[in-house]
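Okay, so chain A shows up in both of these, paired with chain B first and chain C after.
The block that comes next holds the complex of A and B.
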């Protein structure tokens, strides 16, 4: 089976190179037959890559330890779910998964094109096929997942126990599909430029779902990773500004900027050059992120070690950067804006500020991520930014973002009349002031919380007012209240889907602010029967025990939780010793509701039963995850082909 | 066994990929070179976007002078690039040829000396 998988990978490389070459040649000769052959090459590449993936999956599921990848990622002790997730757990497997999703997404992109004979089509195929060929070559030359084991193993090493979490099943594939999805807008925009064409509104409308898809997948992947870190890594937080986390965040921030700038290009024919740069930057940064995580570019908890894979990614990154710059520079005439920004207080200007804000955020996170390497190269000494520096940047940028979120929908196209703006802002500002005052009065707390919650209220009111205005307009047309609301959302699903996303962001801001400003923690050592009070909870240590299994030694302690003197529920945190990695792994105990999370870690358990716990109360953290769900729903609403539409061309 | 499977996969892939090159345009659904040259972007339309603009207009966020071109860009705005399309010349020639053919009666000799055959049309 390994030979078939390897051969399929080799044939994927050949199909990729063939498609890339024949479509460009076919385009020059105006031969639809050659272009069709290239298109079929992409179909073949997707099928061949699928064969390769299925071959690896078969080896993993059958515990065939004759192969190094299978030995490193699985063991006979692992349940089926972690056998399947082993496919993307290791370095070469994850790169194969990257390639597979790229080939499938490219295939969907090509097959979904209703007008497949547009001039940019060959270039799009060429770019996507070349990317597939690059990944296939990388796998064959530097990260072969079908390489034989270095010695005869009877048992697998198994994966990192930290990865034995449901998060491992859904987080990495979501991020990897998100990375691969950014290749589609990149190829489409570069293809359009190479074909000598301008991206018009109709074409952009059809590109938008792909941009949204990549944005959503990457965003959801990041959030799932944060949730995984929260429940598995056992330090009470969800984001540590680790280089690997940052590496995914940076392209997502740029993609967010791209998504907003794309609206301006579609509506006003503006920001064309900006969009070409942002589409390229998003994809290049995804390659950068893969280099960071898979190529050993930086040291991190969850990065792989340095290898020749890193050289390949660096080489690919350089080639792609040169290609993008070349295409943009040589086709800059196609990227001239149809309109200029006429007033600093216009909606066009607000979109520009939003875009700049996200680019600035991405730039700062990128600088902080590569700063250790930069400082070492310049001064010979590694200087790393602490989490506090990143937090500080977030605290500075978030209020600006919230103001833009609130003001942008109110601003007029081209210019805004001061009196109308003031009239629209009056109620939101009043609500914001009341909310801020309420926060100060109730918690007597930090002024930043008052600012954040005040701004959140301000934005929420402006968004809800938008819903109300649209609904009222439909009522005036004679529709009933429910029908008006339904039609408002389905007919203008892009706009209201977007607003729903913004509401989701507000919920996330509430969660982040609550957790970061109001978190309380206490470390305590207890004997059986003793109790401790944290916040409004009283936790009594009831019992403990140890259990042995082939893979680990499990230490656990049970706690009874009381509130207002009444028993509420019990918690059982664990601390396990995993034999394969000779490492302690904490399994937290968690009780969650909308107000707060009670988060308990077992830090140590003595033979005499003395247990050390860390108990945290994370206020409002559930709002972060809830906000993620709302963002997901909003994006799906924006992407779904709802409402009244007539035929428009495929991208 | 593996070698046989690999050879079979490679052969199937090779035949599938190269088929358009040696099938002389008999692939079902495949655009011909002529169709490729004649292709041009279709006009865009988006009633929902016009509706969004209507909301903006009601709220006084878009003025009449802006509203019309903005709305037009969704309802009737053909691709800006259509005018700059490099295949325009071929397209013009194809259109002229089609017009010429449509004026000829079935069975009448075309300029290329072949019989013009009308395809049966399907009523929708």
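The block that comes next holds the complex of A and C.
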């Protein structure tokens, strides 16, 4: 079975190289048959990748310890779901998964173009085929998932217990598919340039769903990772600004900039050069992110030492960067703007500010991540940005983001009339001031909280006003209220999907701000029967115990939680010792509602029953996850082909 | 009488310059805020050797030191929530560290630890512990931030 998987991988390499060569040659010779052959090569590559992945899945599910990968990621007592997730848990498995996803997405992209073969088609195939060949080569040469085991193993290592969490099932594949999907806009834009063409509105409209796909998957993947960290790692937070985390965030930020600049190119023929650069940067930064995570590039607790996998990614990154720069520079004539920004207060200008903001944010996260290496190279002294450094930068940039979110729908194309602007801003600003005052009065909270929540209210009002205005217009035309709302959303679904996404972002900002500014925590050591009061909760330590199993020794304590003197619920945090990795793993106890999370960790359990707890109250954090769901829904709404095109132009 | 024609080049230059100036002003203001925040919150990386050599010179600076946990040096006081341990590195110098807070999970002998905090009188007071997770490439930080 492993031989089949390995052979399929080898054939994928051959298919990729073949397709890339034959389509370029076919383009030169103007031979439709050759290009068609290249297309079939891509079909073959997708099928072969699938065979390879299925082989690995088979090995993993049958616990075939003759292969090193299976030994490292599975064990006989591992639950089925984690057997499956073993497919993407290890180094080589995850790269194979990435390759497989890339082959499927590329195939889908190519097949969808069946009826509209355009000049860039051979170049798009060539680029995607070359990328697939690259990944196949990397796997064969440096990360073979079918490599034989180093010893004769009878039991698997079982993977890390920290990874036995539902998060392992949905976070890595989502991020990996997001990474793979960034290759499509890259290939499309580079292909279009190589074909000597410029991108028209219809072409860009067709590209947008692919950009949204990678944006959504990568964004949701990152959020899932944060949620996983929150419930699994047990330190009360969800984002530590670790280099590995940052590495995935940077391409997502650039992708957000790209998404918005793309809208401008579609509507006004502007930002063409920006988009060529941003499309390439998004894709290249995903490769960079992988290099950082696997290759030991940046000094961090996650530097796993330079390996040849890292060298491959670095080599690929350099080659692809040179390629992108070369294509853009030699075809820059096709990237001239059709339109210039006319006024600082115009919608076009606002999109420019948005693009700059996200690029700046990405740049800053990148700078902070490489700062130790950079500062050492320049001054000889390594200086590291802490999590607080990044948090501070986020706090500085967030108000700008919120202002742009709120003001942009109000701004006019070309320029905005001062009086109109003021009129539209009156109510939102008034609401914002009331909200800000409310925050100060109700919580006595920091000024920043008033600023943040005030601006959030401001944006919420302007977005809801957009819904209201559009709805009212339809009512005037005689439509019934429910129908009007439905038609509004479905006919202009890209615009209202976008607004819904922005509302989701607002919810996330509320969650992030609440948790970061209003968190309370307490650490306490209790004997059985004793209790502690944190916030509005009284927690009483009732009992504790230990149990042994094949995988671990379990230490747990139970707490009865009271509110207003009434018993509400019980919590049972654990601290377990896993034998295979010889380490402790904390399992937190969590109780969530919309207002706050009660988060309890068992830090230690002594023989005499003395238990140490850390108790956290995280206000509003659920809004972060809810906001993510709203963003997801909004994106789906924006992407789905619904209804007929409306008279008013979609954004 | 027709109105005098406006030179199209002239007309488009004005918003562009205004744009550049406005953006530059904002960038400088934001840049200044960012630089001062980062200055306050960043830490100097030092090896144990450099730390002990520098001594009082780095008294109030925020520092980060990397080392491996010395065998059997970890002592956890559950009542006071104090963790004391010793780090060592390639130079075989030893650094005693005290940390008030939750004992991290992946804390075992030989683990690579990065401590962040201040150094006074030969003792390192850590406000933050960053541990290296042993798995292949997955992110699994247990940085326990002390407020």
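In this section, the second predicted complex is superposed on the first by the 626 of 651 C-alpha atoms of A that agree within 3 Å, B and C clash if a C-alpha of one lies under 4 Å from a C-alpha of the other, contacts with A are read in each partner's own complex, and residues count from 1 in each chain.
Note that in this section a residue touches a chain if its C-beta (ideal position, glycine included) is under 8 Å from a C-beta of that chain, and two chains touch if they have at least 3 such contacts.
Computed from a prediction, not measured in an experiment: that's the story for all the values here.
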Which of chain B and chain C A:37 touches, first, second, both or neither: first
First, second, both or neither for A:91, with chain B first and chain C second: second
Which of chain B and chain C A:337 touches, first, second, both or neither: neither
Contacts of A:417 with chain B and chain C, given as first, second, both or neither: first
Touching partner for A:568 - first (chain B), second (chain C), both, neither: neither
Touched partner set for A:15, first chain B, second chain C, both or neither: first
First (chain B), second (chain C), both or neither touched by A:582: second
Shared chain A surface residues [contacts with chain B and with chain C]: none
Of chain A, residues touching chain B in the complex: 1, 3-4, 7-8, 11, 15, 18, 30-37, 40-41, 43-44, 47-48, 51, 115-119, 196-198, 200-203, 205, 267-269, 338, 347, 410-414, 416-417, 420, 424, 469-470, 473, 491-495, 643-649
In the complex, chain C residues that touch chain A: 12, 15-16, 18-19, 22-23, 27, 30, 33-34, 37-38, 41-45, 62, 64, 76, 78-79, 81, 101-103, 105-108, 112, 114, 116, 128, 130-145, 147
Complex contact set, residues of chain B against chain A: 2-3, 5-6, 9-10, 13, 16-21, 25, 27, 30-33, 35-37, 39, 41-49, 51-52, 54-56, 58-63, 66, 70, 73-74, 77-81, 84-87, 90
Chain C-facing residues of chain A, complex: 72, 89-91, 94, 159-160, 162-163, 172, 225, 229, 233-237, 240, 242, 244-245, 293-294, 301-302, 304, 340-344, 349, 352-353, 356, 360, 364, 368, 371-372, 376, 381-389, 392-393, 396-397, 400, 519, 521, 523, 525, 581-586, 601, 603-604, 606, 610, 612, 614
